[in-house]
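Pasting the structures in now, so scroll down.
Both complexes shown next keep chain A, but they swap its partner, so chain B is in the first and chain C is in the second.
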Partner chain A sequence: MRKAHSLEKSQHIFGYLMIIPALLFFVIFVVYPSLDAVGLSLCFWHGYGERVFVGLQNYINLFHDPVFWLAFKNNIIFVIATTILQTLIPMVLAVMLVKNSFLNTFFRVSYFVPNVISFIITGSLWAMIFEPNFGLLNTILQNLGLETWKQLWLADPKWAFPCIIFVSLWQSMGFYLVIFYAGLQGIPEEVYEAASVDGADSLRKFLFITVPLLRPVTTVVIIINVIGGFKVFDLIWAMTTGGPNHATEVMATYLYTLAFGSIGTGTPHMGYAAAIGIMILIFSVLASVVQLWVREADTLEY
Partner chain B sequence: MLRKIGGIGVVLILSGLLLMATASAQEAVTITMWTWFDDFQAAFPKIVDRWNAEHPEIRVEQQIFSLDEYLQKLQAAVAGESEPDILAPHVMVRSLGEGGVTIDFNEWLDEEFLNSFAPSTIRQFTWDGHLYSLPWTAQTFGIFYNKDIFEEMGLNIPETWDELIEISHTIREIDGSIQPLPFGNRDKWLGCDFFLPLITQVTDDPTLLIELDRRTDSEREVSWNSEPVIEALELVKKLVEGEVFAPGINGIANEQALTIFYMGKGAMFYSGSWLPVTIDREAPQGFNWDVFETPAYAPGKRHWTGNESGANLAVSARSKHIEEALEFLRFMYSPEVYSPAMVEARGMPATMEALQGLEDPTIKKMASWLEDGAPHILYGEGSWDAVANAVQGLMGGQLTPEEAAAQIENDVQRVRGR
Partner chain C sequence: MSIKLKVKVSDIVRNIFLFIVFAVTIFPLVWMVINSFKNRSEIFIGPIWPEKFILDNYRFVIENLNIGRSFINTVIVTAFSIFLILIVSVMAGYAFAKIKFPGRDVIFLIFIASLTIPPQVTLIPLFLMLKEISLLDSLTGLIASYTGLGVAFSIFLMRAFFVTIPDALRESAIIDGASEFVAFWKVILPLARPGIATVAIFQFVSIWNEFMYAATFILSPEKRTLQPAIRSLVGRYSTDWGALCAGMVIAVIPILITFIILQKQFIKGLTAGAVKG
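Now for the complex of A and B:
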């Protein structure tokens, strides 16, 4: 008995020893920088020399900074638009492509392909397509005789953000489609058969079986979208660098400009930028908590 | 037995220590240098190899990064107090100098050496009598143009901006598929490079922009929200409305605009003296081009042009080998090293001797505009971003000149008030 107990204990110790490298990595590269960012957000620091502790001054300044609020508003628009589009469209597509056939597999792979390209490359490619004079999109519209549909796209504050949202959808649709596809595999076939026996058509099956039973997956997709929406950076940076004149500025692009500067920024504001970083973290966590809370209050079992 | 082993151990440790001491006494000092000067990709390794061969006691290691990643890398290194001995601080020159990160060359270098540079290039990096960087290149801006298009359409070199608007109309009338002057302001910086020298064009006073940027050492009351700035912004608006630029200026990257120019779909291109080497490298064979002086604000006025270069070299104040770094810099700037490097990279030199010995006709022509050099780089807190965003708003038609001027002033005040 004693021997078994000691074996168990030594196994436990061995287990803990095995996770030490991962734990160390996590503490050094995640916990410490995160805590340091909180400390930094309470300081005034140019990235060199002494950090000057200023308490909550950076946060107070943030609340009086119109560019921050504009960026925040843009983030909210981006979060709402991408969460709705990047949840509904992949879900419908996943249902349409759920049956295993050569064509469906081809489409699933096709939708997923853009996801393997980095956001920076995607952004740069689409910026070329949207170029107002010789870009592919306006050229196609012109050749189709749809000249009145031609726009300045990224140069027009009205169109720049919808363009970015569209590219985000194009890029990430395949990823969410795969998640929904995996979720659909977990819905028992018997439920659909029973519904068929009861005379339900495809739309009813989708609305009253698929959608409710996919709810756990949908929650995950929504949370990923919300967090991704709050911290979106690379796509916007590659396509517009937050312009024209802040029209597509989001919190992360504003943070980057303050901390690292677009070309031409000579004086970094690290503390202020860290405060924006903390705000992004708070908004993302809050949105996720609300979502999980709603989800928990409404769990379905079958 | 144990004592014997212990004795051998002591002897071994002592021998090891002795060897290490000898080795470190002979070890060469290593100087590191980081730049983003990609036009010198070929020249720098040669300079360094020559130095290392001639100076085994001071070894130099240099790295050239792309500008896209350079400033962030430098900033991270500075934050970690691990910056190289010699660095190219670009627009961070003032903040790093005043923050004590880089040395004041006036304290370390003799007057004779400093007098070898063109005075305006030294003035660019001097604040309150402290010289925080040495200019690596000089620079002027001009309008590059497609000679074939100009000849075919019978266009003359414009003397003023109004004439530029006129020839733009002519170009559009003759061939609507050709843009008079493709301009990419998606990344914001070219709008600043274009607009800021115009303030000097309007006022004939190159010190005004410097004072607008610095504020603290200005004796007169200056504000971005003032008549000369609005007048310069009016000129930009006039050029936009005169359809000089391609539509959607804020949706075009500089590289895209340059491609339009190379394709023969753009007649002119606004850029700096770094462009000839880029055209050599990238333009299709037979591309027939030249460059003319930035037009003047009005007939008979001076052709002020942005003359400051972002290519400059500083030495870390935290370096343990400042003297050695300076020795290497003296070597780099010695005429037999500096001039050939400039010729090879087709750069515009910053030293008087190399400027006088220029043979490249394009660079020589552009260097002759240095006497009409106007400042165009802002180093003060928040100024560059404020101007960049407002100029985008103006060029995109979202802001009037008055609104743009007010926005710049408000943004600068807000950033400096934090």
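Now for the complex of A and C:
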């Protein structure tokens, strides 16, 4: 009895010892900065001197800041557009590539390649492609005799955002494809065979078998898209830094510009920027809560 | 006969479509590589395929822009961060999966909940904290920040992996008189290699490619890692495309080569959070 007790106790101690190193990094580099971000968002502070506590003033100012509203609106558009495109297109491609042949595997792996390349390189590369004078896209259009299709692309407020959304799709398509592909492996072949016997064509099989049975996977893909969309930064920073004239400004680029963009030329607004960070956090948490809620509903159904 | 013909035609249309997607996916990268071997005037007005391939851009970014230094910095930061993340997350992941202690589930839940915190939230406070403890503009500060940033998700992956290893292995080792540590170190850890590989690959790609922290916490050019170094090559009005492309190729090559060699593990590692099993 005493032996069992001491065994249990030594197990407790061992458990704590094993998590202490992780806890140390976690508390210092995640928990403390997160709490400090909340505190900072309640202060006026320009990066030096005393922080002045102002309560919710930064948040009130945010509500009256037209650039923040624009960034917020753009962020919502980005989330919706990328989520729709980056769910539907990978899903369709995964269905097209579901059979295990050499060519299909080749396509799947090739489509995944952009996913290992950084957003900064992806963004800079596509900024070159979209460059109006010497860029690849306008050169190709010129050579095809399609001069009238040429655009200023990233320099045109109308086109800049669609271009960025396209590049986001280019970068992440293969990633979501793999997730759908893994999900498709879980659908038994017999379901399709039974449908074939009943005379269903491929489109019907896709709409009435694949789509409903993939729902748990689709939920995961949508949530990853939504959370990623709210914190998008690198890609836009590399392609337009939020321009032209805030046309592609999102919350994270606005935050970065306010906190670090004006170094040497103006006053950083640390407290105000921190408040934007908290706004991004709130949307990110909301999306996660919805995910938990939807997953719960999914499991109840079965 | 006509049905068979229809199937063939739809197959051809499908393959053409898939090939177009392939071209749009891969050609920009090929264009990047070709540009890195062209001289300035040829990039801007010459044909896509150059008359001759030159190494001037690579010489320029290595000799004048010190990209070699950035490359080494990136290797150092990535290697040390992965090493630290692996140690702490393997230990904690094991404890969360196999060891019973009071408060375990609550602490694990806090780790998981922290995954919703976007890096932008901690960016400013971390910057201020690093400044306070004199770790701003130092690779050590960046390594520590990456470790903190990567710990929660790595623990999540490691725990999920340890859960799949039967409890009986640890228990029988303990009954045979092994200490908890020996059971972990000698019995379970050797079986954890695939899980460790998954975490290592995920963190390799994340940290090698990370930009925001690197650009904010490192100020002097000679301490820069690759992503901010490449970003600094983009000038608002006159970007040297050849140099930029050469820099990008240098930054992409290590990751692309490992991807080509370890395709399966890579794809598994990067999608591990989303795909169960």
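Simple rule for what comes next: the second predicted complex is superposed on the first by the 273 of 302 C-alpha atoms of A that agree within 3 Å, B and C clash if a C-alpha of one lies under 4 Å from a C-alpha of the other, contacts with A are read in each partner's own complex, and residues count from 1 in each chain.
To be clear about the criterion, contacts are C-beta pairs under 8 Å (C-beta built on N, C-alpha and C of every residue); 3 or more make two chains touch, one makes a residue touch a chain.
A quick note: this is a predicted structure, and the numbers were derived from the prediction, not measured.
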item	value
Touching partner for A:I117 - first (chain B), second (chain C), both, neither	second
First (chain B), second (chain C), both or neither touched by A:Q142	neither
Contacts of A:P33 with chain B and chain C, given as first, second, both or neither	second
Contacts of A:I179 with chain B and chain C, given as first, second, both or neither	second
Chain B versus chain C as contact partner of A:F260, first or second or both or neither	both
Chain A residues touched by each partner, larger count belonging to chain B or chain C	C
First (chain B), second (chain C), both or neither touched by A:L93	second
First (chain B), second (chain C), both or neither touched by A:S6	neither
First (chain B), second (chain C), both or neither touched by A:A273	second
Chain B versus chain C as contact partner of A:S196, first or second or both or neither	neither
Residues of chain A that lie at the interface with chain B and also at the interface with chain C	127-128, 133-134, 260, 270
Contacting residues of chain A [partner chain C, same complex]	7-8, 10-12, 14-16, 18-19, 21-23, 25-26, 28-34, 36-37, 40, 93, 96-97, 103, 107, 109-121, 124-129, 133-134, 136, 139, 170, 173-175, 178-179, 182-183, 220-221, 224, 227, 230-231, 233-234, 237-238, 251-252, 255-256, 259-260, 270, 273-274, 276-278, 280-281, 284-285, 288
List of chain A residues in touch with chain B within their complex	46-49, 57-58, 61, 65, 67, 127-128, 130-134, 152-157, 160, 240-241, 243-247, 257, 260-270, 272
Chain A contact footprint on chain B (complex, rising order)	67, 71-72, 75, 78-79, 81, 91-96, 99-101, 179, 182, 186-189, 192, 246-253, 256, 260, 265, 377-382, 384-385, 388-390, 392-393, 396, 398-399, 411, 414-415, 418
Chain C residues touching chain A - in the complex, by the definition given at the top	14-15, 17-18, 21-22, 24-26, 28-29, 31-32, 35, 43-45, 48, 84, 87-89, 91-92, 94-96, 99-102, 104, 107, 111, 114, 116-126, 128-129, 144-145, 147-149, 151-152, 155, 174, 180-181, 184, 205, 208-212, 216, 227-228, 230-231, 233-234, 239, 241, 244-245, 248, 251-252, 255-256, 259, 263, 266-267, 270-271, 274-275
